[in-house]
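First chain written, first letter: the chains are A, B, C and D, and each begins at residue 1.
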Amino acid sequence: MTHSNKNTAILLISCPDQKGIITNVTNFIFKNQGNIIELEQHVDKLSGKFFMRVEWELNGFLIDKEKIKSEFYKEMGLPFHMEWDINFSNYIPKMALFVSKHAHCFLDLLARYQANEWPIHIPIVISNHQEWQTIVENLNIPFYYLPISKENKAEQEAIQLQLMEQYKIDFIVLARYMQILGSNFIHKFPNKIINIHHSFLPAFPGAKPYHSAFERGVKIIGATSHYVTDELDTGPIIEQDIIHVSHNDSIEDLIRKGKDVEKIVLSKAIWKHLNRKILVHNNRTIVFT
Amino acid sequence: MTHSNKNTAILLISCPDQKGIITNVTNFIFKNQGNIIELEQHVDKLSGKFFMRVEWELNGFLIDKEKIKSEFYKEMGLPFHMEWDINFSNYIPKMALFVSKHAHCFLDLLARYQANEWPIHIPIVISNHQEWQTIVENLNIPFYYLPISKENKAEQEAIQLQLMEQYKIDFIVLARYMQILGSNFIHKFPNKIINIHHSFLPAFPGAKPYHSAFERGVKIIGATSHYVTDELDTGPIIEQDIIHVSHNDSIEDLIRKGKDVEKIVLSKAIWKHLNRKILVHNNRTIVFT
Amino acid sequence: MTHSNKNTAILLISCPDQKGIITNVTNFIFKNQGNIIELEQHVDKLSGKFFMRVEWELNGFLIDKEKIKSEFYKEMGLPFHMEWDINFSNYIPKMALFVSKHAHCFLDLLARYQANEWPIHIPIVISNHQEWQTIVENLNIPFYYLPISKENKAEQEAIQLQLMEQYKIDFIVLARYMQILGSNFIHKFPNKIINIHHSFLPAFPGAKPYHSAFERGVKIIGATSHYVTDELDTGPIIEQDIIHVSHNDSIEDLIRKGKDVEKIVLSKAIWKHLNRKILVHNNRTIVFT
Amino acid sequence: MTHSNKNTAILLISCPDQKGIITNVTNFIFKNQGNIIELEQHVDKLSGKFFMRVEWELNGFLIDKEKIKSEFYKEMGLPFHMEWDINFSNYIPKMALFVSKHAHCFLDLLARYQANEWPIHIPIVISNHQEWQTIVENLNIPFYYLPISKENKAEQEAIQLQLMEQYKIDFIVLARYMQILGSNFIHKFPNKIINIHHSFLPAFPGAKPYHSAFERGVKIIGATSHYVTDELDTGPIIEQDIIHVSHNDSIEDLIRKGKDVEKIVLSKAIWKHLNRKILVHNNRTIVFT
């Protein structure tokens, strides 16, 4: 659900499953006069873990916004052994965009930005190619051209990391960025780097998935958006979709048709991330509705 | 989520939205040692109504199964002005099937029955045609042939109603039953008669929707499952889906291809109904996941 | 199929169905040394009409490009009473864009333009609002601000028509242009004005379809791209698609989610139009693959 | 397109691409007074091969049905180095069904059979389990119980082969038959054994794909229908589809939901095969519309 001009707190929890969690957490909100507008929970039977997302209105809430976290920690987080996070809906997240030559995902995100579709800031675009510089700068977004070679990779990544800090980046979107990020970079942003891969994973990981799809003669092609982890194309999957293709489609057709799936899948994943709908557990995502 | 051999209680609530409902209801379960395995809620902003479905394990629950309803009424239902219903997962619902000539939905349901796909009883099949009698009787299901004409309609419906009572039917599925039920019958089963209409409503209500779809030159055809109300094809929609078609498809092709959508859409609606996932409000459904 | 750098002729035919058409037309191409790379045909049983699209390579074709039309007319068009059209793949069509406030379709088309996704020219953008002027002019596309009121409508449409002539526009895309074009304008561009309507027609024509969809409680929302005719939202449908929604989606959610369907459906329709894949007959389209 | 009571010939061709094939083949039909009702062609650019399907009405065709093949061979097949096949629409193909325990695909096919959805004979059902015997025999179809063990496998397959001959089987459907057929059997029915695999291949081949899908945390599950070849789950793909799933779906849910995709995908593949719409080239299918 979207709510324009919402003033809410969003709590994400994961902890060992046990009786009374929902009651206790909702009571924490209730007794402080909070009105819950959305609650979703999930139990992972196999691992016995409990997950929840609760969103409540801050208007009239008895605890000051600045103190909510410390109060929650004391009353709930600590006694229930929770991993938890509280965010506020009126905070506008800062998203960094990384792009290479293929710009369809990237331009789709910029279009949403221009049309004010999402509550988001894009403080910076980084590319290993120069061709999108003018477009980006026309939108008054700083553009950093950081070409990558075997030799300069470590160095450039250090610069990228420094830029992430400088611009206080909350999360990163690889909008068809055709470089593999180093471990060091990835570990600085756990579950905060969103990638789009142009196949329905786990089929066709790595380079040139459309060529492999054509070769295999599949009747569907797809796209997968996932959080980036150390191992290529195996991170937690956030969103996937496919379209139907036929013998009539050349590799060029697959590439052309695939672009639309890629951009829609990526944008859906970002939307979920933006709205704090995602939890990660055992390399799998819980994506609330 | 399916759980084989579950022993749970399922509570469905609707009431005016107010702070503390979730806390109070979950606390009722918690303090009686119930373990919640699923909770979903929804707030209708426009009408200010709150809806919830909670399912909890009965093993170890302190209130006797027979007394749960009366206890809940006293503690929750009454003070919170709730409409509510409690059902138990180990009860096997009794579904009556009505069918005419087109048997694809009907045979699909029988196939699921034979393969034990669903926890369900089919105590009776009613048809205004005789051709499916043998198939039904081979499955040891009583088959009632009740042909309908203008003249005998009221009379036959009285018999149908009497059969519903005799077989203690919980809900009715019109599996392409090409007769319009009378008001009297419908009012006896509010939100308990599931129909499948062979178009994406509200487009093409009434007779021969595939002919109308062909005529209009649409590029999709669909099916809609809904609860039956007095007005034809306008009841609360439970499930819809479509498939793509082209100029290449004749009316016969639309009819043939549509059958698969119809049967899948109908079966999804029944599954949701079976699992007590549906609430109805202002002619719209809340269908929990 | 896409072919980069193709040099082909594309023939579109419609005529009364009769034996020998395919043989005669393909023989015309064969005896002049043309190599057919794609042939699709369709027979409308009800009206007894035959439709065909043939594409062949011009390299080595014995008839000069300039004379193909006159030769075809003499040998085929006239004796077989054909309506026909021949186009050449290396001609880049000129598309005019009309847009109002909602820019998602419009920006999506501009993004494709910037990324060189399609072989197309956009010589002009017309809007009744000023807000997209800078974006358009940054792409070096002339932008015409033509606000429409009851009083100036005829006058402004005369200007629009004059601009279409001046820029030698081949076809027009209404990318969520919220004005109804006059008959005079429409008749100048038969089957050459592509509109996107934000519902699965024939359901929810006219204004505010997402509001109506919400009100009705449908479980799918969709979009329809069609050629514009005199009667609102009833022209020949080119492309349709839908997405699933739930009780959880507010009207704002429907509008937000619908945007992605709208833009993909519109772009698919334009792609088919661009590639001369569409014939219109009795207010229905034949859209070759 | 379906045509009830059609009396047509269906020609399938593959040969090296060369100018004039369409003209020559259609002229063969035209000069013998045949009326073409459907023609589709495809060129595989990479291998330079040409494929075509032509269907024409036999009423009034000058060549006797019995002589069409020999005449075609002489005039077309031989000079153009074609692989080709001619079939007649009024021939009802004989389909053998193999099934194990999971019966959803199998029962779906039987339901279509009972409802006369397809022009098909099912002369025999073979199973390595006994539980579907009564259902099959109620439909007056001979049922052969042939349990398979490591020891008796060769022997039982010899019996199966002999039964295929005895019942003059045209093609075989493995409706979730959980045994791997031997090479000898497979080579007797090239591109005539249709299997349904319960994943979107090439992801999750082999056993327990739903378990692997759950483990990987994918957001879609699917099914693939393909012709059986020597190597497991790598034959030419005919049809694929998927449905969306979520963290909320247990392995049991995936299995339950997957059943519907499996049966629809399998039935679509069979329909295409029945209507002689499929050609195989380099382990990929050409599936005409």
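Some points to look at:
Basically, a residue touches a chain if its C-beta (ideal position, glycine included) is under 8 Å from a C-beta of that chain, and two chains touch if they have at least 3 such contacts.
Everything numeric in this text was worked out from a predicted model, so none of it was measured.
Between A-D and A-B, more contacting C-beta pairs join the chains of A-D. Relative to chain A, the chain whose mean Cα position lies farthest away is D. Inter-chain spacing, taken between the CA centroids of chain A and chain B, is 37 Å.
Averaged C-alpha coordinates give centres for chain A and chain D that are 42 Å from one another. Touching two or more other chains at once are residues 246, 248, 250, 289 of chain A.
If you check the complex, the residues on chain B that touch chain A are 19-20, 22-23, 26-27, 29-30, 33-41, 43, 289. On the side of chain B, the complex with chain C involves touching residues 42, 45, 200-204, 216-220, 222, 236-242, 244, 246-248, 250, 283-287. Interface residues of chain B, counted against chain D in their complex, comprise 1-4, 103-104, 107-108, 110-112, 114-115, 117, 135, 138, 246, 248-250, 252-253, 256, 259-260, 264, 267, 289.
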